[in-house]
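Please find the structures below.
In the two assemblies presented below, chain A is common to both, partnered first by chain B and then by chain C.
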Partner chain A sequence: MNNEKVVAKVNDVMRRGFEIPADKLIPSATLFEDLGLDSLDAVDMLVHLEENIGVKVDGEQIMKVRTLQDIYTLVENLAAEPGAHIKLDI
Partner chain B sequence: MKKYDVVIIGSGVSSLTSAAILSKKGYSVCVLEQHTKPGGYMHCFSRFGERFDTGAHYVGALDRGQPFHTLLTYLNAYDPSVFVPLDPTGFDVFRFPEFEIQFPKGYAQVINVLTERFPTEALAIQSFFSEIQTAVQCFPTYEFSDETIDQISVMRAIETPLSVVVQRLTKNADLQAVLYSYCTLHGVIPSDAPFGLHAIMMDSIIRGPYGFAKGGDAFTETLVRAIQKNGGEVHLRKRVNRIEIENGNAKAVHAADGGRYEGKWVLSGCHPKHTFQLVDRQEVFSPAFRERMKNIKETVGIFGIYGLSSQTHSFNPLKNYYYFSNQGIENAFNFGSPNSKPSAAFLCPASRTLSAGAEKFPFSLHAASPMGWFSDWRDSSFGKRPDDYRQQKEVFAEQVFKFVGEYHPHFRESLSKYVTSSPVTNLHYNGSEEGSSYGIYHSIQNTGARALGPRTHVPNLLITGQSTLFPGILGAAVAGLRTAGHIVGIKPILKELKEIKLANGC
Partner chain C sequence: MGVKSMKVYVTGMGVMSSLGNGVHSMFQSLLENKSGIKHFPDWQKYNGLHTHLAAPVPEYDITQIPRAARRTMSRMSEMAVLATLEALHQAKLKIGDHQYTPRIAICMGSTTGSPEMMEAHFKKMFDRGGPEGQLGTTFFKVMNHTIASNVASALGFYGPALGISSACATSSQAMILGWELLQTGLYDIVIAGGADELHYTGAAVFDIVQAASRGYNDRPNKASRPFDQARDGLVISEGAAVLILESEKSVLNREAKKLAEFRGGMYMCDGTHMSQPQKLSMVQTMKEALSRAELTAADVDYVNAHATATIQGDQEEAKAIAELVGNNVPVSSLKGHFGHSLAACGAIEAIASIKMMHENTLISTRNLDEVDPECAGILHLRENKKMSIKTVLSNNFAFGGINSSLLLSSIHE
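Up next, the complex of A and B:
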């Protein structure tokens, strides 16, 4: 079960940053096929997430992301790191 | 209306390098330059009977078979009369409050000089330069390798901060300061700077440092001649004000004089922020991308002084001079006011020949300064800026003179004439909103996976320039190679470059 706040925040970032309709933002949605992003968008997404949530994602981690669920998990893991200050307010 | 394979916006080193490669490969290219002469930051200007360079100070890797020599040879743009080898016994002079170091040409020589100055740090010095040489090997567009890229080594080189490498090797603050000196050439502080970027800078300079015998303009001309010989076109006084988008692709480029240039590809060497502002359908960019571009950090603005000093015996025209305060390079880009002393300055001879008995030494002198000091005048017209702008420049110029005077007593009194440029001047010439010389801040955050270009969200619009790879003349040229490679395929070009390199004994 994902942290609801993380899910809401990531979805909000995706909706605002990439104008993706809310009903498409389901955990199993793949970034490229279902959400229509491409590899350049993936880099923008990385930077956008970092700036909006206050996380620092390394390049290798983001390359492994395939679905929205992967992003939720990634953010949750980063939030669990000692000293992490994640911004989850919308 | 003539249609081109590639329409290129701007004629800086990157754009011209791309144009030379593409035209060599048989593509029809058209370069559009807004100014009256090509070259971008290679521009020279004349004052007081001397020629002054704005950005062309010196370049590395230019010995036979080295990367820049190889690339220019490939482009049919290598003219030895354009360059002059700098003093091999000491081409870069680093002045610190307590000591001075001169870098001679060659790794062994630099290591010797540093070991003599820091005898207890011999192992650290040896290790540092060994790591530099290892790091540069993993960049195929620098070493011209057509083999498969070792992604792990590349990642390590660009995600490790320079400060981490240096602090792991030595705790000696003076040695650290020396190893960080070239941060002034990319404008990124050691804790943000990718080690790989710093490594390429140092490697190229140490191996083959050259100045410009006839200024940056002469270098530009060799590239333009090569392009024209290949059938390419370079048009001046063509200020591009729009990139026309049709069905998500770039269709044509519009100039302010009404000219319209259609291309299968559009390639821009202008600052990325400026390039994206030219796109007439901003909806091709996601809000996330627009936000990213708005927030992306720029390297600091640069202030320039171009003058004549009577201290002809204090300077060698075949050396460059770096001056540092005790503030430390980590704090070099934190500013007080225009009325405070800079923490670093760079002086470059404007002419690489100085005849015996010469009475004047022409130089350019640069120090970092934020756009904020001059932002009141950013919308005033070039050449028509008011007196208070000039007064503001004078305030900082005096501080720079005072700082250099700590190393060369009476430097201020030795000046007969000078003119100055500010970040606002740079904005006019290179479109950097911070008046920077190096484009976007080449930190780890903006490098590697997060780097801009050459691809953009418009499939047939590519960007090039020092903001897309690494700064400096060599960085710009390699960026141009990489962007052209995106159109024609990089591997065959790298193979040809490798053959030239090998044929020249490297």
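Up next, the complex of A and C:
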């Protein structure tokens, strides 16, 4: 079960950063095929996640991400690290 | 030219301007003698910036450009795409969708890449001591050929694309180069134009060299006064304009509607001074343009002047025009209406000139209350005039010593 606040915040980043309609933002959605993103968007996603949520994702981690669920999990894991200060307010 | 030139026609036009988006809206504003210039009180916060006037493009709908294409665009590319779509629609041309079109060229540019994105990019770079946190899409907004590549990408255009950059002569050069490309017989169609976006740094360029208006900040409606005794400099604007230039053969094959004949043009660098315009080189450029167009000065019915309302530029141009055509040919500048849209102005003014021919109405110079004696000797248009004209000479001059002149003729069938 994902942290609801993380899901809501990541979805907000996806909506505002990549103009993805809310009804497409389901955990099983693949970033490239279902949501229409590509490798250039993946680079920008790193910046959007860092600036909006406060998690520092490295390039290798983002390249392994396939679905929206993978991003939720990645953010939750980074948020659980000692000293992490994440912003989940929308 | 020595060899009879191939006829080239304009078959489509699109514009985004401070006087309206779309050719019809823009020309209607000209007929109504409107000004696009507004007061920008927020610019008072910039230390050392004295001009607080600018002419922005009205709000536009960007949703017709898909996000995947738009993500690499700043305003200048968005406006260039929208102007291109209008021009292609009018020309009834369907290109793109990744069709292979090696005989169709895109030829357009801007003064620089996006100034807004450049400022943001370097601010973050300095703040963070390096490239950390930079978006991957930023470079495509600031690169010099951002307009040409973004238009191509948005259309799915698969053919030759050239980025032209010569500041205020950019879109004139793009059109003239397009005409030259068509003369070679290697191309059928050239999509030519230019765009620039409003940013205080653009105004600052002219403000620093005392060429921007400072005395009318509280009276935007009175600012930008080409050839006027009380002029005090230009007002920065923005916009995009695109023309479809097409060879006679292509026009016949497609049964395309001809909007005007692009008779020819010339661009030259005087190699003399980066910022001071020179009458002699203006005259020579106009003469070379006439020669290439296989016309003489006696064929010119109207001169659309570059005249940006700077002290020296207007004087030199007025003297140059006087030497070429004397005091019998109507002359006007549209910078009092639009402001100065830099890379877009040449194409915007070419489109406005074509509309003047279509509507048999010459648009006067706005805010020309009292002609500067140093700008006398030419037939200034002080009010709009009903007049049938056959041939227009249009000038655009740029920092760097770049001069350009081109000729357009009406279609009588």
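To be clear about the criterion, the second predicted complex is superposed on the first by the 90 of 90 C-alpha atoms of A that agree within 3 Å, B and C clash if a C-alpha of one lies under 4 Å from a C-alpha of the other, contacts with A are read in each partner's own complex, and residues count from 1 in each chain.
The rule is simple: a contact is a pair of C-beta atoms (placed from the backbone, for glycine too) under 8 Å apart; a residue touches a chain by one contact, two chains touch by 3 or more.
Computed from a prediction, not measured in an experiment: that's the story for all the values here.
K.L.:
For A:E51, select first, second, both or neither according to whether it touches chain B, chain C, the two together, or no partner.
P.N.:
In the superposed model, A:E51 contacts both chain B and chain C.
K.L.:
For A:A84, using the defined touch cut-off, is the partner it touches chain B, chain C, both, or neither? Pick first, second, both or neither.
P.N.:
A:A84: touches no partner chain.
K.L.:
What is the contact status of A:E19 with respect to chain B (first) and chain C (second): first, second, both, or neither?
P.N.:
So A:E19 meets both chain B and chain C here.
K.L.:
Check whether A:L40 is in contact with chain B, with chain C, with both or with neither, and answer first, second, both or neither.
P.N.:
After superposition on chain A, A:L40 lies in contact with both partners, chain B and chain C.
K.L.:
Thinking of the overlay built on chain A, is A:E60 touched by chain B (first), by chain C (second), by both, or by neither?
P.N.:
A:E60 contacts chain B only, not chain C.
K.L.:
Tell me which touches more residues of chain A here: chain C or chain B.
P.N.:
Greater contact footprint in residues on chain A: B.
K.L.:
What residues on chain A does chain C touch that chain B touches too?
P.N.:
In the superposed arrangement, which is not itself an observed complex, chain A uses residues 18-19, 40-41, 43-44, 47, 51 for both chain B and chain C.
K.L.:
Per the contact definition, I'd like the list of chain B residues that touch chain A in the complex.
P.N.:
Per the touch definition, chain B meets chain A at residues 155, 159, 286-289, 291-292, 295, 448-450, 455-457.
K.L.:
Flag every residue of chain C that touches chain A in the complex, lowest number first.
P.N.:
Those in contact with chain A are residues 67-68, 71-72, 133-137.
K.L.:
Within the complex, which stretch of chain A touches chain C?
P.N.:
18-19, 36, 38, 40-41, 43-44, 47, 50-51
K.L.:
Touching chain B in the complex: which residues of chain A?
P.N.:
16-19, 40-41, 43-48, 51, 58-60, 62-63
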